[in-house]
Each structure stands twice: as C-alpha cells, then as structure tokens.
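All chains are identified by letter, namely A, B, C and D, in their written order; residue positions are counted from 1 within each chain.
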Amino acid sequence: MTLKFAILGAGRIGQVHARAVGSIPGAKLVAIADPVAAAAEKIKDTYGCDVRTIDQIEASADVDAVVICTPTDTHADLIERFTKVGKAVFCEKPVDLSLARVQACLKAVAANKGKVMVGFNRRFDPDFMGVKAAIERVDVGDVEMVTITSRDPGAPPADYITRSGGIFRDMTIHDFDMARWLLGEEVETVSAMASVLTDAKIGELGDYDSVNVILRTATGKQAVITNTRRATYGYDQRIEVLGSKGMAYAENTTENRVVVADKDGYRSAPLLNFFMTRYVAAYANEIAAFIDAVNTGTETPTTTQDGLLALALAEAALKSVKEGRVVKVSEVL
Amino acid sequence: MTLKFAILGAGRIGQVHARAVGSIPGAKLVAIADPVAAAAEKIKDTYGCDVRTIDQIEASADVDAVVICTPTDTHADLIERFTKVGKAVFCEKPVDLSLARVQACLKAVAANKGKVMVGFNRRFDPDFMGVKAAIERVDVGDVEMVTITSRDPGAPPADYITRSGGIFRDMTIHDFDMARWLLGEEVETVSAMASVLTDAKIGELGDYDSVNVILRTATGKQAVITNTRRATYGYDQRIEVLGSKGMAYAENTTENRVVVADKDGYRSAPLLNFFMTRYVAAYANEIAAFIDAVNTGTETPTTTQDGLLALALAEAALKSVKEGRVVKVSEVL
Amino acid sequence: MTLKFAILGAGRIGQVHARAVGSIPGAKLVAIADPVAAAAEKIKDTYGCDVRTIDQIEASADVDAVVICTPTDTHADLIERFTKVGKAVFCEKPVDLSLARVQACLKAVAANKGKVMVGFNRRFDPDFMGVKAAIERVDVGDVEMVTITSRDPGAPPADYITRSGGIFRDMTIHDFDMARWLLGEEVETVSAMASVLTDAKIGELGDYDSVNVILRTATGKQAVITNTRRATYGYDQRIEVLGSKGMAYAENTTENRVVVADKDGYRSAPLLNFFMTRYVAAYANEIAAFIDAVNTGTETPTTTQDGLLALALAEAALKSVKEGRVVKVSEVL
Amino acid sequence: MTLKFAILGAGRIGQVHARAVGSIPGAKLVAIADPVAAAAEKIKDTYGCDVRTIDQIEASADVDAVVICTPTDTHADLIERFTKVGKAVFCEKPVDLSLARVQACLKAVAANKGKVMVGFNRRFDPDFMGVKAAIERVDVGDVEMVTITSRDPGAPPADYITRSGGIFRDMTIHDFDMARWLLGEEVETVSAMASVLTDAKIGELGDYDSVNVILRTATGKQAVITNTRRATYGYDQRIEVLGSKGMAYAENTTENRVVVADKDGYRSAPLLNFFMTRYVAAYANEIAAFIDAVNTGTETPTTTQDGLLALALAEAALKSVKEGRVVKVSEVL
C-alpha cells in the first residue's frame, strides 16, 4: 500500500520533506501547496506532483497524509482542519507558541481521533538513536544525568527572532524534547540563566543568545542544556547520558574526516554548519517513522503531547530567568 | 542538456550506478540491459527506463552514454563497440585481466576518438579527495611516502577469486591507482610479499589473501600498500601521505558515532563493512564527474590509461612475489 | 638558593607533596610532622629528613616554608601561626569550611604580611594550563561560556562526607575555582540543583551526590558545572571554554592509549581513576610555582582570597538548592 | 636486597639510566665512569655516587650490575669484561655494528655464564606493552600482519650517521626488534626499498633517510616497517597488529590534550618530538625489568640474542636494497 502525501508549504523545510517522501518506497507525493507559485512549481517539476491549494488538498480523496510546513501561526488551525477530514498529519514543531492554543488543539485532535506527529527530527538522528538504544540495552544503567550542548553556527535574522517566540521556544525546544526523551521521566522543576553575548540587537528584541538550563525530575534525575546562537566552528550538537553503569554519547559530525599534521600540530575539519545537512538522515527517518505509524495503525513516535510538554518547559525556563528562581512545570501547564 | 544513459548489467554495481544516474540532475536513465530479465525489470520498475538488449542499445539514437557493469571479460569488447558508435563510455575496472588486451583496447579507443572513463571510485571519495586537496594546497609539501591500508571485511566466494585474476588484480588494483594518484609520479619499481593466512582454499586456488607491496618512483618517492581479505572490524580503508612539510590522512568511516564508556573503558562502532555503503558518495561523485567531462568536452578524470597502469602494477607485484625480487614496471609493459 | 621545607601531615596528600618537593631542584625537605609516628618515619626514610613536632617546626630556623596537609579544621590556625613567624605557607584547600573563619584568617595573614598559597591543583594541570593559554592567546576571543564536567569515580566514605562540608564544599569547590579562573570575571549569581542518586546514605547525611550549577557574571558570561560522585568509567575531568572566536577544551586522560578493534567495534581504556594519578603533574607544578613565587618575591598564583571566593560560591550554591532560587554571591560574603 | 649499580658513560642516555636507577626502590647508584670529568661529576652531585674509572668499577666488590652507555664500538668488549667478573650487564643497543663481532660476544657471554640485557626500550613502553598484552589475551587472535610506522622528527648530525652504521642499523633496528616481538615468530625473508628524500648529504654519506621494509616468517605472517628521518609533526611512533580476531594498536603521544576549534576547524598539539620524553616511562620500566631479572635469577626480557637477530634483519634489509631482491635472514647469519 502506498501512502499518498500532500505537502503544505514549499519553503526549505517543505523541500526537505518532499525529498524524503520522494525517496521512501511506499510513499508518493501527490500534491504541493504554496502561495508562492514558483516555489510550488519547483517541487512539482522535481517530483511530478500536482500543485493544489490547501482547500483543494483538504477535499482531495487521493491524499492520505499531509505534511505541514507553513508558518508557525497556522499550524494549530491546519492540524485541526486536516484531522477533522481524516488525514494523517505530520506537523513541523512547534504546534503553536501559545500553550493555551496547543492545549485547545490537543483537545480538537482527540475529538477528531486524529493521528498527528510533531517533527522533533533529532530523535531520528542515527547517532542519537544509538545513544537511546544504549540506554535501552541498559548499557548505562539507570539514567542519572543528561548533558545537551546545542550551539547554532550563527544567529537567525532579527525578524525571525521576533516571530520565533525567542531562543527557548525556537531553539531550546528541541533540547527540551531530547531531554525528556533521554531522561525517560517527566521534568518537575526548571532553572535557567540567560545572557546576551553575541549581538546586542538580540537583547533589544527582548531575547537572549546564550542560555543554560537545569531540568530535574521528581526522582532527582537531572538534565543540563547549554545553548548559544553562535559557534564559529559549526553546528555543535552533542548529547551525553550518565547512568549508574556508565555513560553514552554521540560524537559530533564534521565536514569531512581529513586530518593534516605539521609542525603546528594536527588540524581537522569544522563541524557541518547547517541543520539540514547535519540532520539529513534524521529528516528522512522521521517521515519513514510517520509512514510506518500510519500504515501499521500504531501511535506516532512523537505526538502533539510531546509538542505541548516541550513548549511548557520553554515557558518554565523563561519564567525562571525572569523571576530568578526554580519554576515548577505545573505552574505553567 | 540532459545526458541519456544506458546501463549494461543490472547486478549490484549496475544498481549502484542506476541510483547515481537517477539522482543527478542533468542525467537520465533511458535503458537497462541484462540477460537476467528479473534484474533488468527491477531497475525498470524503480527508474522508469526501458529494458533493451545490448545490441538495441548500441543502435539507440536516444542513448548518449553507457555504463558497463557486465562481467570483466566483456569490458574491452564493449568499450570498443560503444566508442565505435560514438557513445561516451563509463566502464567498471578492470578493462581486462590481460595487459595485452587492455593495450589493444586503448588503441581501438584512440582510433575511435572515444571518451572512456574507468571506474576507480576511490578517487571520488570525499575524504580521499580532501587528502588530495591537502597535497594540492601544498599542506604536506613534496610528497615522500604514501601509506595505504586496505582490508576487506571478508574474502569473496572461491569462484569469484577464480575469475577475478587474484588479489593483486581485483583488490590491490584500487590501491595501485590510489598510490599513482597520490604520489603524483609514475612508479618505476615494485616489490611485494604475499601469504595465505585467512583461508587455505584461497591458496589452493593459487591466490593470496595477505599482501604487502612497496612501490618506488624514479625520484625515490615510495608507497606502501597493505592488504588483507579479512578484517573482523569492518572495511578498513585508510590513506596517509607524508611530505616535506607535514602529513595528511583520512580517518576511517564507522557505522555510527556513538560511544559507550563504563568500567571496561570506551567502546564505539566497528567500521562500515560493505564497499557500497562505504563508498556511496564516491559512486555518485564519479558518475557526476563523468557527466561533467562529457558535457564540457574535457578529459575524464580517470582513463583507460589509468586502467592499464594499475593493471601493470598488479602484474609487476605478482612477478615480484613469484621471483622474490624487485620488478621494474617496464618489464611488464 | 635552596628553599627549605617542612611538611605538616604525612597522609597521602602529604606524601604527594613530599615527592614533589624532593624532585624539584632548589627545594629541600628538612622536616616532617605527623601524630602517627609510622607515617612520619616513612617519609623520613624515603627523603632523609627529620621528624619534628609542629611546635618544633614553628621554632626551626632552618625551615623557610611549610606545606599544610593536616585535617581541614586545623588549616586556618596553622596558616596564622606560621605566617606570624615569617614562614611561607602552602596550604591544601580549603582554608576552612566557615566563611567567617576564612575571612578572619585573611585578616591575620594580611596583618602578618604573610605569603600563603592555597592548593588549587587543577590550575597547574598541563592540559588545563593549555586551555588557559589558548584563552590568553585570544584563540577563543571573548570568553562566553565555560563548561566543567567533573565526576569522581566513586563516593568517599560516609565519615569523610560528614567532615568535608558536603559536595559543594569538598568537590565542586575545585570547579568553582576553575570557573573563576577561566571566566576571568567574578561570579555575581549562582543557581544550583542537587539530587541523591548513587547512594541513599549520602542523602541521610544531608548531602547530595549529583549536582548541576550555573554561574553568571555581571556581564552575562556563564559557567555550567556538572558533578557526580560516581562515574564507572573513571575520574572524568573536562573543561571547555566557548568564546566569540572559537572553543578550547582539554581531552580526558585515559589509563593508556591502546585500542582494540574487532567485530563488536573499537575498545579503549577507561579514564585514570584516582585524583593523585590524574593530577600528578599538577601537584608537582603547583609546588614549583609556590617555590618560584617565594624565591622571586612575587605573589603566589593562588591565594587565600581565591580560597575565600571558591568557598563563597559553594555557600551560594547550597543556599540556591535549599531556597530554590538564584542567589547573589553578595548575599553570603 | 638492594642492587648496586655502576653506569659507564655519563652522556644523555647515561643520565636517563641514572635517573631510572635512582628512582627505583631496590636499586642504588654506586659509581659513574666517564672520561669527561664534568659529566661524571654532574651525576655524582645529583645522585651522591662515586666517580670511578671503568677499571676501578671492574674491580669494585660493591658493584653488582653495570649499565653500558659508552660509544657503540666499546659495547662488545665491555660486555665481555664485565660478564667475566660476574657483574650483571645492561647494555644499550646495539651490541656492535658487526654481526661477526656480536656473535663472538654471544659466545663469550655464554662461556662466562653472563647475564646481559640489551636495551630495546620500546618493548617497555606502557602503550606498546598494552598492545602485546592484547595479543597475549588473544584479543586479536592469531597474529597475521604487523604495521610499524616510526618516524624521527629530524635527521641526526652527519657525523652520527657516519658512526651509526646507517638508518637500518641505528633506527630501523628498534622496529626490527618490535616486529620480532609482536610477530611471535622469527623472520625468514626480508625485502626493503630505500631513498634519500630529506637531505642529499645523507645520500652522499652512503645512507638513506626514507625506507620501507617487509618481513615475512616461515608461516607467512608479515610485518611492514616504514621509516623516515623527518616528520615535521613530531616523533611518530605507531604499532598496529592485525590478527584473525581483530586488530590492536597504540595511539601516538602528543605534547598535550588541548583542542582549539574555530571557523578553520579543530587543532591539537603535535607529537612529542624527542625520544627521551616520548619513552621516559619505557626507560624506567626497562631498568626495573633488568633489576627484577637479576634479583629473581630469571632471564632478562631482552638478550644479546635479540640484539643479534635485530642486527641480522638490518643486514638483510641493506642487502635487499643493494641487490634489489628478497633476502633470506639465513644468508647473513
């Protein structure tokens, strides 16, 4: 059985998902929608699909599933519309920047008995899956400490920051999801510190570029997240898990494996510095996992509930920074 | 302009090239030929091309270029036939197991003014290209010593060894090409030692499974090649270049980047253990380089002459083993 | 000129310092004091020094400098006594577990115009000195984030924990000093979380075994410290500094450099798992630095003021855990 | 029981052994001999031993063992003299540059029932011992291929080359010993190639600076040795052993473990570039092993026979280069 897809939004993440759908046996890209005709046409030309409007796709009998790659403020509405007409939905994170809106959306999805997967791509990175597998094989024993270092190669444009909801909601949110996934327990309390160190303009917009967060579960497991918007040496993505029996971590991904040695020492390549290149396998894997969940009728590996809880951690972290204290997650949910 | 391809041979290497052709903008797979109908049909189904006979392809006006993936003993004939009718030819190594036959083929190609690229895929591996680039940037200064460690994860089946011409002609031949490429000078003398250590059957077939070769150019630059048919930890592919200013090398490619540490120490993944997985980027890059050479009317980066010289080094190495002495390449050419 | 030393305390850290003094040209061990006769005799036999009482050493004209390796609760008194009689003093950290007592001691040292170095050995580790040198060479630009991972191989005995003042005062104190040293600015605020995960007995004693701390300076530079009492893979000691131009870090120190690879992958040695082995060079370097400061009449590289400030950070971290909020260092000093 | 030592020769290797003897419990340096009075006095001052002549030491009842660190052409004579008077002898390699002289010396030692250890220090390097231990634990299974990369940071002065017997006898000789030790079988045939690439003056002196050697045992196990006199990135010392079950190797030793990453990539320190620094633990371990063998009456771990066989491999390699053929070790012994 082939799962027939429409993609809503032909921007760069839409293109990534189009390529993933196109390369997976058992999936077929049927339609693309985008207000920018040229963007939609480009995907049509490459994959031989139709260009349709979102309304047309909603009414298309030949579409089983949609991938939502539109601007964030449309996500929740589209999830509700498409689950209502029985389409399986894959939605890029976040569901919405407002916790209340996400909670309302969750209720609608439940009412529609909808199947919705939220795109936390990092859970599908082969190396991070390897760390998770090490936990599951009990190689590290009981998880005690998770350490996540996540650094962007450079800050996004100012107008993105304005729309993104700030560093905790657009960047750390991935790490909050990773922390939950690796801790294997829900977070109870959050403490965060934040600074503006790379660009004063970010501060003027009311955001931060350098943050550290400590998360703690009820049993005392902890996670530390360290984020910055600028790492000159590339897109730094590291996770490490300490447990009662040992530690597991994933090495970073470099541009190549060439080493040059001379009188000044050894030199090797910087890290890959673009999230789409770094996570190319993860993007393909997450769509494959979505297809698999739809085809087998099982739960998707990430859900709108995961989207809600990651956003709640972002809210709690921001509140912790503003109020200079440890914040309980229950205060914001 | 789109370059239209036919692939001769739908075995596993034919499938690799079909995927490469299919994924490169500016190339189109038009036809596949294989005596095994099911193999050809599978490629047809995946890429939407025709199934044709070799004779039909020879006569096809809509085919610009052929990729020869048939058994070795047909390569030279097919190169001659297809260059005669003006098709560009990409041929898997080796051109032939007989030096005389390769030399005759070279003459025919010259008479046909043919364009032929021989598939030495390793030159197109991104990491090895990085080492070559380090040489060209003069990071290592004048090249003095090349060290190539190339170990297969396991010996091929006995009947393959019978047909392959033995370890020097089927396995070391890649390393001979790499050594020429990295030394930047032609090899003058060859010394080799050979043993049977992993499987007595290989010895019964008159071949070896463990060899070391030293190559020396007229100016004294040297290369060392170490080969074995069995490395339990995967497909071990290393090159290292020492020069007057420094050294450059490429790290091996592992299955993943996960590390687990416990009381027994640190553990990480074995090497990728299949040549098609290890060199997936190299296979795509070499077809792209072929297309580029055809489209721009420039010389292909590897030629039948490269095929000839690598085979000559294999002959010289075998002669060195048999006669227990240093052999001049001029003795076999 | 040879600097003549007496060591107070012949326990394991006293032995370390005896060896360091013995191996440095320009230093001579003249006397050892310890209430346990056998311990003192052992050092006498190895280094050919006298056994004397602390009172005798205080009165010894042939002693220029003392190394205080006695129990923590005697440190401040001994610093005061020996600076009063004009001896140079090297004292193991901490000066005292009480901030008030340390402050009183500082005043006495100032009144005595004493020269006192507090033993923060990690600043003298060759690799950590290399990271500091990278900062000073402006390789990383302006320091923004310091990350310190410090994990002991196993918890100390329960009675040590009772006397040590707890994890922040006996273990994290080293990391507080490292953070101050690497940040290059004083810490303004502290946030910490703490858990008991490795041994419930530690909790019963009112202490923690797993803590994370975030430090922030007035300009927004941050440091994260992650500590645990148990890392099965050895004594894990890592520092990393991110700045505007790049990052610098020190690799961990393993038992050896042997790697074994087989079908299960690559295996290498665990970390050195004893602080004296791990920091053997650091202990020698710090005594050499002390001797150098005494001989040249310059300030010691670490002072009682450093001891005071590291202890203040420990107090602030503990207060942060207890009160669930960010604590200003000025609240505890 | 304390073993009482005299050292013959107070040059830099004599100083290394003096320090080793001085630091080992159970050993005592009693006397030093050197025609250069100042050199001998310096050791006397540091270790509190006597200065005596070689004749006096030969007659000294209070000397149990001698360490021969004199020029190479005196080694064989001194071994014979001191074994004759019943002293245990530790002699720096080589015993002599002439195979015939070494063979005569062996006979004399046998006649004297002498105990003689030849200083192949690399066998006592902790990392190389770790590789050997991996072989003995059968981690790699049956040894098949040994790869030794040994590169000096820079060529010795011309007059040293004149006296040293050339690259095979002064530099490769260490690797020949390592190969024998790691192969666990005697070498039957040798093939070598040699060039002058770093300094024409070396060629004018009749020597080479860049050599590759293949060794083969009767059962077909092989070793490859690659040597050069100049590696700009430091003293490159690598060994690798491939066996039926896996591979074991030792990582190189760098100046420190500091890594700096920026937009140009990752940078780390060059290798240690002086043999005494690189092998400081090995020098201490070999003297300890000698003392242990003397005290327990067991055979020394390296013997004059090892010295003889390593020299024979050097002779065979040189003959192979000169005659352009594989040479049997039996031809030179």
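Quick note on the criterion: a contact is a pair of C-beta atoms (placed from the backbone, for glycine too) under 8 Å apart; a residue touches a chain by one contact, two chains touch by 3 or more.
In this text the structure is predicted, and so the values were computed from the model without any measurement.
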From the centre of subunit D, which chain's CA centre is farthest?
A
Higher C-beta contact count, A-D or B-D?
B-D
Please work out the Cα centroid separation of subunit B and subunit D, and write it as a whole number of Å.
41
Can you check how far apart subunit A and subunit D are, centre to centre, with Cα atoms defining each centre and the answer in Å?
58
Show the residues in subunit D shared as contacts by 2 or more other chains, in ascending order.
232-233, 245-247, 261-263, 269
Going by the contact rule set out above, which residues of subunit A touch subunit B in the complex?
126-127, 130-131, 133-134, 139-140, 245-253, 256-263, 269
Subunit D contacts subunit A in the complex at 232-233, 254-255, 261-271
Which residues of subunit D touch subunit B in the complex?
142, 144-145, 147, 149, 151, 189, 191-193, 195-198, 210, 212, 214, 216, 220-222, 224, 226, 228, 230-233, 236, 242, 244-247, 324-326
